[in-house]
Amino acid sequence: MGSDAREACAVFGVFAPERDVSRITYYSLFALQHRGQESSGIAVATDKHIICYKEMGLVQQVFNESILRMLKGHAAIGHNRYSTTGSSTLANAQPVLFEGCAGDGRAFALAHNGNMVNTAELAAEVSRLGLSPRASTDTEMIGLLLEHGCREKPFAEALVEILERASGAYSLVVLTTDALYAVRDPLAIRPLALGRFPEGYVVASESAAFAIVGGEHLREVEPGEIVRIGADGLSSHRFATGQWRNCMFEYFYFCRPDSILRGKEVYSMRIEMGRALAREAPVDADIVVPVPDSGMPAAIGYAEESGVPYHEALIKNRYVGRTFIEPLQAQRELGVRMKLNPLREVIAGKRVILVDDSIVRGSTSREIVRMLRQAGAREVHFRISSPPIRYPCYYGIDFGTYEELIAANLSVEEIARRLGCDSLHYLSLEQVVAATGLPREEFCLACFNDERPIPLREQMKISKFVLEKQ
Amino acid sequence: MGSDAREACAVFGVFAPERDVSRITYYSLFALQHRGQESSGIAVATDKHIICYKEMGLVQQVFNESILRMLKGHAAIGHNRYSTTGSSTLANAQPVLFEGCAGDGRAFALAHNGNMVNTAELAAEVSRLGLSPRASTDTEMIGLLLEHGCREKPFAEALVEILERASGAYSLVVLTTDALYAVRDPLAIRPLALGRFPEGYVVASESAAFAIVGGEHLREVEPGEIVRIGADGLSSHRFATGQWRNCMFEYFYFCRPDSILRGKEVYSMRIEMGRALAREAPVDADIVVPVPDSGMPAAIGYAEESGVPYHEALIKNRYVGRTFIEPLQAQRELGVRMKLNPLREVIAGKRVILVDDSIVRGSTSREIVRMLRQAGAREVHFRISSPPIRYPCYYGIDFGTYEELIAANLSVEEIARRLGCDSLHYLSLEQVVAATGLPREEFCLACFNDERPIPLREQMKISKFVLEKQ
Amino acid sequence: MGSDAREACAVFGVFAPERDVSRITYYSLFALQHRGQESSGIAVATDKHIICYKEMGLVQQVFNESILRMLKGHAAIGHNRYSTTGSSTLANAQPVLFEGCAGDGRAFALAHNGNMVNTAELAAEVSRLGLSPRASTDTEMIGLLLEHGCREKPFAEALVEILERASGAYSLVVLTTDALYAVRDPLAIRPLALGRFPEGYVVASESAAFAIVGGEHLREVEPGEIVRIGADGLSSHRFATGQWRNCMFEYFYFCRPDSILRGKEVYSMRIEMGRALAREAPVDADIVVPVPDSGMPAAIGYAEESGVPYHEALIKNRYVGRTFIEPLQAQRELGVRMKLNPLREVIAGKRVILVDDSIVRGSTSREIVRMLRQAGAREVHFRISSPPIRYPCYYGIDFGTYEELIAANLSVEEIARRLGCDSLHYLSLEQVVAATGLPREEFCLACFNDERPIPLREQMKISKFVLEKQ
Amino acid sequence: MGSDAREACAVFGVFAPERDVSRITYYSLFALQHRGQESSGIAVATDKHIICYKEMGLVQQVFNESILRMLKGHAAIGHNRYSTTGSSTLANAQPVLFEGCAGDGRAFALAHNGNMVNTAELAAEVSRLGLSPRASTDTEMIGLLLEHGCREKPFAEALVEILERASGAYSLVVLTTDALYAVRDPLAIRPLALGRFPEGYVVASESAAFAIVGGEHLREVEPGEIVRIGADGLSSHRFATGQWRNCMFEYFYFCRPDSILRGKEVYSMRIEMGRALAREAPVDADIVVPVPDSGMPAAIGYAEESGVPYHEALIKNRYVGRTFIEPLQAQRELGVRMKLNPLREVIAGKRVILVDDSIVRGSTSREIVRMLRQAGAREVHFRISSPPIRYPCYYGIDFGTYEELIAANLSVEEIARRLGCDSLHYLSLEQVVAATGLPREEFCLACFNDERPIPLREQMKISKFVLEKQ
């Protein structure tokens, strides 16, 4: 998908009094860096306090050994952020610390992936209660309401109460001085996995974070489930009678290929999507070339199924990261040039099947097609391992507005013309679903078909909120 | 090759009064980041001065927009360093600025990839002349002698004189207030490419740096050639009747696959090495898996030739970089775990052909084999697209000592046992050479066969120098 | 005056091709640190370019040896900022670089101390011309107009033209690739001194900056004068028939005691103010105590004239600087406590004459009086070496609004009660003027008597502008 | 004394579960900044852990709000360092954390002002026990022995044991998870004060640190006393039958004038030294001028006693701090020029009595005398409020070696000639002692008369150690 779409966030949590919990969180956030590069933070619980450190930047830039050594405790949560709502400042970084009732040992920290759809409602409640938000995020609203609620009732009770009022797609980790809570929204739209290692438990947006610390994948946190991990072990509570509505984007794009979703490695599903794509849209060509890194598994699957040789003919600079250096003026397409360089000898004179997982705005895709042509490609056949994205997402993924979504405004033929490719095919929704091995009704497919899993009254609020955001 | 071997440095130069030379250098150094991650620096020439900025860290960490905007001029050189001699401090970072005769407009800056083999001799000369080195590098010695020499004779003449006395494998860029010089050693052991774009010339360790700024590859700087680029264009001078003795390591490991060596893309040569490997050492197996990223092209070639399906079953964290965080204690193999994660579903129960470009010390390779076994691999057949490295390199690549080189001490069978793989095969020297399409005598193959391209008397000095270094 | 009032900015310029101009600027800005601690910057001219570096923070925090070494050229300007208009961000830091016509060698940088009073008019002109300001400062408006003007006429001519339109109290330094310009407003409200050393010229807000680099004070830049310093030496031009209207605040508070104003050291004038204060308001007491550091000279003068022993009984922490650490909650008066500590043995049981140069808002003064009482002072007689400040300043000093000025709202007796002192006396305007040795009509005394040196029509604009600023 | 002598360190400790202990420590270290500017650190105790943060630089540079907020706990210690032994690196910064038996809740941190004189002996013991020092400081040796000792016996017992073996001049603060210990050496050479505020206790090198946080000075920690502060309050233990041998340097130079030593404010003692100096060495002159800041109180005392007018005619830059910028080449005396600027009008034609507290190497003093002459002083009479320093100190103050001490090698007349002054007088030892109001035998005066309070056998070891250090 190149750099067109903005990714969601990563959340992580660990409860393991015998282990160095901040170091475990550090390495796990590093493994989940792909889900957010704007800011990173870790909060740690001691017997009486929660301490927290967060900064703008990549995990490796934010933390150093001195900082990690200060983060001592028996449990921790962590977060990598890519802003979907609120502006890009440290004030919006997570985890967020709430100390209002610190004297009672009720300080807590909270980190969050996804989007509340009734933020305006929550903000109104916050305002009604006379609470003072320090930032404009969902996280701040939920935290303030929780801070207020837990003054009068047990923490877990206050948490359930606010969850019953919050509506949206989210995965939440909450750290108190005595427990770690992991919460998944009633439709399980955003991912959240539970793992274990000899001395404790871990939760993470993706199971790939477990391997780096020697943990083992147990299961997904279920729709509408609160998992609480404390000194007395793990307990589970359902605050809603949920059902599975997983975001399909995680399956074909967001998640690392080595993460497990609903019991199956994502890589294998993507290989299968590539195979299906070869069957659905075969083409007489010389080489199959992935758009790195996201198109790789589908391209391998396509090549395998079609028998056309696979070549990584777009070389990616290994050292990626956020840069704040202005581009060279003369290089319109430098954004892509900085990341990718075509192999002329491999491409020149060839009929190329270019494989990617999706197209959002299409600008990067167009530059890549142009790059292939300049390198001498005789034909460029573009194959996408997902259906056209026609509708914005209000559940945590920032595609932008209708205007920006190329498939919201153009037919497949028009898109092909716009991108400058000889042919273009999107994998059918049926085949994408089939590749996952799960029933169609267990997915949120709203960005493809506008069938929203969250009911209408809420939807209107969403739209309003999003429009205000623009 | 994983992380076993230490890479050489990158040099870059640009002469283009109409362009933003420091920005061009920045993006080029970014493209050459793989050749050195310890420090980075840029020097720029104005009419009267050379100004220079360098710091420890990656290109993206060292420079910011404020710094780049201060680096204004008509020509620039840049450098990424991985120390091969001298310790890892800012004092040893490059380019090095020499201002001794700044009043005469003879300030210059110098950057260098490779190793002088007669450093002791040069240091003796420096000491005899009463000059005061600020650091222990070759670069400092050459610079001091040049600074001294150019007081009495024209700069180019002084440069030739010192080059005639310096012995070793090096690529050198020198920046004066009026010209950019690019120098390649008489055996062209280290790489150096020349490129052009509408408004000027560029030189770089690798041609892959040209694409990022819209430049075009012209040719290699030739053995014993000095290229001078000034306001009056490009001129060339031979200070030695050189011959080609290219370092083979650049062909199968160091260079980016999209760089051109002797007129041919490196990727294609590596695909051919993989194919040759499949012919030389076929094995009945289920999947071909590369060690990312270095083993990728050979693995694709192997898969293509053998018909065994290709799978990128070791997932690499996209966000690599130098970390100074201590590892988790319980994870002995974390160094590898932090970078790679195996796909269990793909590997479990399979007979795996694991392909890498080379083995140096073998510790990373052993961890990878173990990782595959833990993921359920039934068999692991290791295939290496180069011959065993049996001898240290004294020409700019830090393999370490004999003791550290696994193939200097063990037979192939012993290595296989040590690594824990079911079979192991190194590609024959003949086939590696054949894959490049160049004659065998145009390579330095000393690390494989101890045939040193630099004569004996010098060799002894080298050995002595290296022993002192340990 | 303690920390009640906000200081103006410092400007500096040097033209000295044989010297290290950025280092000279660095040390001079360091000597002028008291005039602004928010940001610091240096711009340097080479034959073709102006390069500039600026950051938030103190001079010693902003620059390091690496940065200074990049700032090579034949002339430089520098600036320390304390914002009087515009918000406190890097975007508002100075010098400001204008490169619009860089190709013609007409890049320039500009730094500024003071306030334009017709900013709205200038902004309207900027808008009319379709220019795009990057910041909200006067400096940006003047620079944009100058950048626009010098496209069609010689630089000096364009400069004069804009100066004829700009109205206000300012000292301006402008750096082009071939000259340094120093400009003083037609009423010479803000200070600007000219100095010389063997190899070149220097200009600075205060002459105390010259000593640190071995320069010699020549004279003041005169009202409405443009001094131009280039390779051909110094030339002078009058763009307005100015008259002296020096800000009296510089005489009794802002300037370093070792600076020279109108040919006389400031320290001596302040000693004389203290003596006059002792004559005007004698009191039977045991010790004279200055509010450090600003009240020191007047207190010495008071003690000398009165014969009452002088004691520095309020100890100041030597290590001052901007802190971003939140205060201890329980310490309401910590702002003062962090800076001053009373000597109990010296103060206990004594009748104290406390001397300061001025009172602005009065909050710090009140804390100091309270501190003396807590330390056991039997009586506290407050003596101020300037008259009550009753009116806001629109010429570069940020007293805030009428509401904040204690003397705008209370009588001297009421102020004494508010501060909690046994007696309070402000030195009469006549005596302050007399201590300077200059005629009363050569000062701007608007903050004492509302007699504004800039005519009425403009004043209204000023008021409007200021009100908008609140 | 100008910048000739190197200062000792500052230690601080607080036990106050109800207060923000890290913020209290921050402000206190800020008040003690004059005792060490090389590095700063704070360690905080939670129920189970000690966490510590330290960096090179001033207190205000080392800490920011994010760091302080991580340092939560019920007790804290802090340290500012100026290295007297060991090199200037972060590895030698304090507090030092020891976590060897962290599992048992026996982690502790340690900070230290002074010098162990039997470091070699301690190091031998460390080596004999097979312990691995991470640094070369006394603190590390004591900490390692304590860490080893407390495995087998109660912490306080282990502490006493190691104190009985350590010999030297030191003030020590030790933080465990349940207590704060403050220890003073058996001769009380280095200072250590005990204070109290409503919610807890504080200890500090100087009582001036108490005021900043609203604390009250209680008493000195006594010779050979261990004070323990825990949840159950304060208890005291004597590990040695000590006697007072206070370092006289603290009285006339090191301590802030607002600190209390043995019940009396230091300022008053220094005023008295100045008065005695006026009586002992009167001179017919026009003004008394202090060397700021250290000579100020004695100069005020001298002026008061002699009736000669006092003037602060050497203006000091308020913004001091460590700079790493190279000086301007042409300014040999820039070190002094950067800090001081003479008032020409005040000095010209005058006979000046220059007052300072001490002379160590004399280089700064010479520059100041020269500066006064250049400013037109007719005569310069130098008066020093302490006797000549003839012998190195082995108890925590770094005067350097015999060779560097001007009075170790020259007579007073020779020193006067070397400094270029018209007359020079050092206050007699009798008068210095008299000004303190304490008996002579309660001081360590070794630097004046070589009478060492620690017996001979140890002295030899000291000498040996120090010689090795050079």
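Letters are used for the chains, namely A, B, C and D, taken in the order the chains are written, and counting of residues starts over at 1 for each.
To be clear about the criterion, a contact is a pair of C-beta atoms (placed from the backbone, for glycine too) under 8 Å apart; a residue touches a chain by one contact, two chains touch by 3 or more.
Everything quoted here is computed from the prediction, not taken from an experiment.
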Chain hops separating chain D from chain B, counting only touching neighbours: 2
Identify the chains adjacent to both chain C and chain D in the sense defined at the top. none
Report the inter-chain centroid distance for chain A and chain B in whole angstrom, where each centroid is the mean of the CA atoms. 36
Note: chain C sits from chain A at a C-alpha centroid distance in Å of 52
CA centroid of chain B to CA centroid of chain C, Å: 55
Multi-chain contacts in chain B, i.e. residues touching at least two other chains, fall at none
Chain D contacts chain C in the complex at 19-20, 23-24, 26-27, 30-31, 33-34, 37, 58-61, 63-65, 68, 208, 211-214, 256-258, 264-265, 267-268, 271, 293, 296-297, 300, 303-304, 309-313, 315, 317-321, 323-326, 328-331, 334, 337-338, 341-346
Enumerate the contact residues on chain D facing chain A in the complex. 46-49, 51-55, 66-67, 69-73
